[in-house]
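Structures for review follow.
Across the two complexes that follow, subunit A remains constant while its partner is subunit B and subsequently subunit C.
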Partner chain A sequence: MIKLENISFDHCIKCTVCTMYCPVAQATHLFPGPKQSGPDAERLRIKNPELVDSSLKYCTNCKRCEIACPSNVKIAEIIQKAKWNYVKIHWFRPRDFFMSRTDLVGSITTIVSTITNFVVNLKITRAFMHIFLKIPFTRQFPPYAKGTFKKLYEKKISKTQRPFEKRVAFFHGCYINYNNHSLGQDLIRVMNAMGYGVDIVKEKCCGVPLIANGYIEKAKKNAKFNIAHLSKTETPIVSTSSSCSYALLHEYKEFLEMDNSGYISRLDYITKFIYDEFSRGNIPKMKPLGIRAAYHSPCHLERMGGVMYTLGVLKKIPGLELVILNSECCGIAGTYGFKNENYEISQAIGSALFKLIDNANPEFVITDCETCTMQIEMNTKYKVLHPVTLIAMALKE
Partner chain B sequence: MNRMETDVIVIGGGATGAGTIRDLALRGVKTILIEKNDIASGATGRNHGLLHSGARYAVKDPESAQECIRENQILRKIAWHCIEDTGGLFVTLPEDDPAYHSLLLDGCKHAGIPAKEISIKKALQLEPNLNPHILSAITVPDGTIDPFRLTSANMLDAIERGAKVLTHTKVVSVIKKGTEIIGVLCRNIHGEEIEIYAKMVVNAAGVWGQEICNLAGIDLPMFPSKGSMLIIDYRINGVVINRCRPPADGDIIVPGDTVSLIGTTSKEIPYDKIDEYTIDDDEIDVLLSDGEKMIPNVRFTRALRAYCGVRPLVAVSGEKQGRNISRGIVLIDHKERDGIDGLVTISGGKLMTYRLMAEKTADLVCSKIGVKAKCKTDKIPLPGSEHKFTSRRTMKKFSGIPDSVVGSTFYRHGQRLRNILTTDKKNYRLICECEMVTEGEIEYAIKKLNVHDLVDLRRRTRIGMGPCQGELCAYRGSGLFHEYGGASPEGSVELLNDFLEERWKGIKPVLWGDGLRESEFTYWIYEGLFGMSNLKNNKKGLKQ
Partner chain C sequence: MIYDCVIIGGGLAGLTCGIKCAKEGLHTVIISGGMNSLHFSSGSIDLAGYTEKGAIVKKPFEYIKDLIKSNKEHPYTKIGLSSIKKSIDFFIDELASDNIPLNNNGEYNHFRVTPLGAVKPTYLSQESVYSSKGKEIIKSKGKIAILNFKGFRDYYAEQTAANIKNHPIFQDIEITVGSISLPYYHKTEKNLHEFRSIDISRIFETEKYLPRIAEEIKRAAGDAVAISLPAFIGIKNYKSIRQKLEAMTGKFIYEIPTLPPSILGLRIDHALKDRFFSYGGEYIAGEKIVSGKINKNEVESISTLNEGRLSEIKSKYYVLATGSFFSGGLQSRLEGISETIFDLATNGTNPRNKWYSKNFFDKKSHPFLNFGVVTDKNLNAKTKEGKAIKNLLCAGAIIGGYNPIKEGCGGGVAIASAYKCAELIAKDLKK
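And now, the complex of A and B:
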């Protein structure tokens, strides 16, 4: 018997709304849905841990079930915990190990990024990866950048930030650090235009891929590191990744059960920060863009209640014709869609969204999340931009 | 009129009756069992399902304690699929008399119950949800036993060995020849009358045994003592928790299958109220407040339902208090007591000693009808418990079916799982999502386990016993009665309605919090969406 502390499953009234909203349950019969995998099965698992179902692995942790639940049951949290409390990992899984060690892989590959990007996209490499690492042959990888954003900041950007009196700390996350420097540079341009100088603090991967792959202890280590360094700051903190923000704001406390009170009131996902500044009248000068773009809301941003801020900010950009897409999961769910066993499900979940995008016929797609970006760029013909990039595009030089 | 003949008639489909026909069947005696309702619908199915170690009786009733520990060891062997070896703890709370602790240890030693004092730290390791302020703890070999499964398995074995079981059939009179009872007249659910003749009649009707005796012109006053219990939504404890004090109200929490039960109260009731099963508010209060003292989580957890049973205690020498009457076995040969031949009454005792009661009854019956065979029920395992193997290995055999389904079916039916599960998708699709009851399990129960309605089905499978109390499974289940049980569409609606009413009866006493929200939602589905009461009226209209 385990000590029972989180008993939110007891509030479930079996209305099954969560299962109706679950993108995975709609895409495959292999997943019985959040109600059955979460609150229903939790009673069985408390009775006998052997009754754990292997179908738990199909949960993408998109958290749409928690948004849908009228009884405030932490369904996704129950499922994540069940996955790693009851399913013991006995063997070393190289793919999951490397996929979740974004810092380790990123810091090596960015040194030899040109070669990495070339080799990774060779058919022979992909065939090898498909067979031995169980990474789908047709899955596109995000290209690695030359060097890290951190180095770039230290060498070139930091001195330009000194004149600003108002400061924000920037949690750039792995995607900007290893893959997409230009989004980081866009953020700095936007912040500067609004009168803020940008600092970066010591950080490690937020832990989302570690949690998703079951490396809970390692995730806790990273969280401890990040909590310590973020708590030292005194300025507002922003992040351009919706999933990093979700982890820093919620998962650390609720899932990893760690104390993040040292910074939590100062940290915002970037559009919330910009929205607040805009509301105070701090709007930089922008030129009309003359762009038609479709906006996709990432699941974790929805869970945080952050979509309204992103939309509020986007609506302030002159000359941006915005098509707001129906809320659909893109299906990639971080590292989930990078695995052979999930690939078809991942694509099936996303298909509704891809159709919506095609029907909207935009010039660009806008979304807040880096893995949604990868999924949409792979499955549609459109370039995907971050809201911050759009503001940067509209800024007058 | 139908006429049947057999060697022995057993009246009462509780554990004792079922155990008796099994015992007799193993000795080669032909039997017919008559039950007015369904199996285990009386006191058998209305207790806390504790596999007694005997420690609860060790101080006051050493004889019962010894019976318990002996039967405990036998049942673990012959009925392992009805039993869970949870272990038990006796804990002393700060407000309890610490002297009882050593009294209990002495009593257990005397009765041969392996009880051991353990440190509080160790007790909290065993049961992390226990109140950390306890003063002392004793471990005993308590466990849990599922009365429905146990009764059903006994009957299944008896039937497979040639016995007949007539449920939903009521004895209306006894057939006498002079001072000898030679049979009974009964009426079944369709109103048909059946005459059954036999050499002996066994009255195992529990608290209703008084009425059977009345039919035979015998006065046998029963002392109805009501015990109420509360079911908690999930297992708040993994080990049976007893309070280390003289037995009183609200002093035990038993983890039973997916739920936990808080027991029990003891209240004397007049004989004419034995079929009412009402639970009073003060009983609920005492169970909740005392339960919380042992497992603090009781306070935060949903109470699913409350129910009560009536103990069939025979007031042999005019005792006044329910708890003071021995729970000992009472076997009466009415030829000796009342000069009436052909009838024996078995009463008193408890679920725990059903097998021993059956053995004693069968011994007496056999001596009267001249059968020499000896009792074998302590050696031959029940159907489902034939060979011992772990659920892990079972699960591997049914790859493709979710472990939770295989594990739950195995837990309920033991090795008879082979007769239930197939890898056909239709077979293992879920009907009851709280308790993992599949279509295959329901088909098996309807066809093999003497099931007439959804309430009967619940006793064989746990359908509707989870947190939703039938919200999502009731209509699916009633549909399956049409498919497998030959019920008409209108008949299925009737079954559905009766089932929901039965569930509702137990929910009403604990209607607050999440349970209230749940039943509001259920009401909305069945009344608001399905128009349940209209369906019923229409059906009546059709009949007219």
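And now, the complex of A and C:
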């Protein structure tokens, strides 16, 4: 049965504008593009689910097609649903399993982080990964941190947060928890400078990598857990990851069809929260940075309408010369670019962005997304910083 | 945080206004929900193509000068001749800096060919559509070959040829039709029938197959001196690709737009966005403005809607450039015509059966094409109570009181009104 609310495919006027802006269709003819794979094919799939074809796997779910569509067709959503709902996968896929279990892998590897980082960078390990796990030989993996951010918070940070009366809850996500504690610490410094104490709540991986790899039931489990714990809070909630924010705000409700109304009005991607505070005059004292940086807008932040807040905040940092890069996809798309079969496409998509960055000749690149960060650092010579880190750098001691 | 200028809608009007505002040093943001009508347009700018009676306008600026005297409500009258001229020069300069040179025929209009082979007057075109060399070839009655790519479905060379032969300027010219095949494109699993203009333009953009395409062209064109191709010979690099193809084939190369998506329009869209970024403008794509608060004839804020939550945006000035029905700036409902964000005054009349003519190709055109927001003499939008809103200006297809199709002036009004808005805003804010 077709649900009446799911007929956005029928609003398609067949203009092909979405395909013009699809980075994958641009990079390879193996993918027929959003119009054909989305609204066009959906008509057939409704009649006969057998008509799902394997080219859907090329879609990275970047949502650029939806941004371009003049008729509000939920193209990427149609494709994601077709990809996983019509085809039930039963066999065990070791690479996809581990890649999407960021929680499981993260909690083990952070205990033995030095060894992990050493081992995954060994040539022999890489060769093994290439052949048996189908992970590209040249991919660099984000280094794992020692211990988790959560532990660090409980042991050292939480007591420093007690004096603050105003509070925010922080959804730190896997990347801060397992790979990049310092971004978490930057967030805490910035919030403190603005008069907020930071709490953390119980959380599981937001589910983005699970959804991308077709583990929908597991994603729903995580969502249920996160919804329960976030709904219990009463303060504003912030996240420093554009993809986690997108999942918590949008995908839980629209894709996983779960009720996230218990917290949705209180949760913001961090720059929206800071933008609102800045607008009310709550701007911490900052010293001029004297830095020239190029800003790359991640796909999911664009889809959320968050770019203007990030730019608004960055423009308030004194002494930051900002080059805004023309919007291009970096090609990594979460776990997508970490797979052998997608590696070439992923690099081809990103090449336009890498060129733009080189032409801008900045000292740093700024972006909101952790996987964009990895992709850009691997393919250009620049260090990539999060907007929050820049504010933290500008804070007066 | 308060912007100097927020432009709602990123089409030809919104982008032109944004470039001028940002160039004037104003903190400018364009918010646009979905791509604009340039993606469906000819990529030529129509300034004034037809008179009230349907005759072809030869000299558009002269015509506009008279129009200003006789029609007080026309947007051109409100903009004024000097701003119209300045806006066109400005537009040409900006696009030239992004490697998309635009040509005109001095003070005269020239002709462009539509996807189905109709011949229409226009004022500004890319050099593959109008140039002095092309003019020479037509004058000397050089033979023309109209070519298509075998299997490409969004363009019909035979139909184009049949239709243009009816036009006086092509009457004594020998026109042939031919087709060329696309060299095998690596790893393709696609049938050529599935290729759209955008796919082929990307193949051109790689420049890989140019020598082979040139051979094909020479074979199919025979002794024709000029050939026309469906307009997809590259996007950013089109200028140099065209030059290379001309050098390799020794023939003059003309472009005719395909059915949408239009690569000629896309080139303009991309170039305008590049210019806007180069002046530090912020472009927010995929966001719709859903409402605005008006207090004491002034806009206080406008809002976006995300996941059921409204977020307010504040600015000193707002420009409404949301386009007409096609782009969602106007909406038709059973009860009447409405402007979608502020519910402003429109000139849409009731009853409904007076909105359109029963004959689709009626020479008198359809009344609904005239519908739009009512503005005062400075392009300030008016509320339903008839009050002008001080900080809300209108640009482009959203403005009421003119018929872009019947008068052949859509592009001109969009550029000139956008430029005028930016001038007024910059003048006020820099006081």
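One rule holds in what follows: the second predicted complex is superposed on the first by the 392 of 397 C-alpha atoms of A that agree within 3 Å, B and C clash if a C-alpha of one lies under 4 Å from a C-alpha of the other, contacts with A are read in each partner's own complex, and residues count from 1 in each chain.
The rule is short, and it goes like this: contacts are C-beta pairs under 8 Å (C-beta built on N, C-alpha and C of every residue); 3 or more make two chains touch, one makes a residue touch a chain.
What you see is a predicted model, and the numbers here were worked out from it, not measured in a lab.
Q: Does the subunit A-based superposition show subunit B and subunit C clashing or fitting?
A: With subunit A aligned, subunit B runs into subunit C, so clash.
Q: Quick check for you: in the superposed arrangement, does A:S71 touch first (subunit B), second (subunit C), both or neither?
A: both
Q: Identify the partner contact of A:Q36: answer first if only subunit B is touched, second if only subunit C is, both if each is, neither if none is.
A: both
Q: For A:C15, using the defined touch cut-off, is the partner it touches subunit B, subunit C, both, or neither? Pick first, second, both or neither.
A: Touch partners of A:C15: subunit B and subunit C.
Q: Which one hits more subunit A residues, subunit B or subunit C?
A: Touched residues of subunit A are more numerous for C.
Q: If we overlay the two complexes on their shared chain A, which of subunit B and subunit C does A:S231 touch? Say first, second, both or neither.
A: So A:S231 meets neither subunit B nor subunit C here.
Q: May I ask you to decide whether A:E50 touches subunit B, subunit C, both, or neither, giving the answer as first, second, both or neither?
A: The first partner, subunit B, only.
Q: Is A:I7 touching anything from subunit B or subunit C once the two structures are fitted on A? First, second, both or neither.
A: A:I7 contacts subunit B only, not subunit C.
Q: On the A-aligned overlay, A:G312 touches which partner chain: subunit B = first, subunit C = second, or both, or neither?
A: Once the two structures are laid over each other on A, A:G312 reaches subunit C alone.
Q: After the superposition on A, what does A:S265 contact: first (subunit B), second (subunit C), both or neither?
A: In the superposed model, A:S265 contacts subunit C only, not subunit B.
Q: In the superposed model, where does subunit C crash into subunit B, at 6-14, 114-122 or 168-176?
A: 114-122
Q: So subunit A touches subunit B in one structure and subunit C in the other; where do those two contact lists coincide?
A: Looking at subunit A, the two contact sets intersect at 15-16, 32, 36, 71.
Q: Flag every residue of subunit B that touches subunit A in the complex, lowest number first.
A: Touch list, subunit B to subunit A: 126-129, 233-239, 255, 257-258, 297, 300-302, 391-392, 395, 402-404, 407-408, 411, 430, 433-434, 436, 466-468, 471-472, 514, 517-518, 521.
Q: In the complex of these two chains, what residues of subunit C are touching subunit A?
A: 1, 29, 31, 34-36, 39-40, 185, 187-190, 194, 196, 198-199, 202, 260-261, 266, 273-274, 277, 280, 282-287, 304, 306-309, 311, 313, 327-328
Q: Where on subunit A does subunit B make contact in their complex?
A: Touching subunit B from subunit A are residues 1-4, 7, 9-16, 32, 35-36, 40-44, 46-48, 50-55, 71.
Q: Give every residue of subunit A touching subunit C within the complex, in rising order.
A: 15-17, 19-21, 25-26, 28-30, 32, 36, 66-72, 249-250, 253, 264-265, 272, 275, 278-279, 302-305, 307-308, 311-312, 316, 324, 326-327
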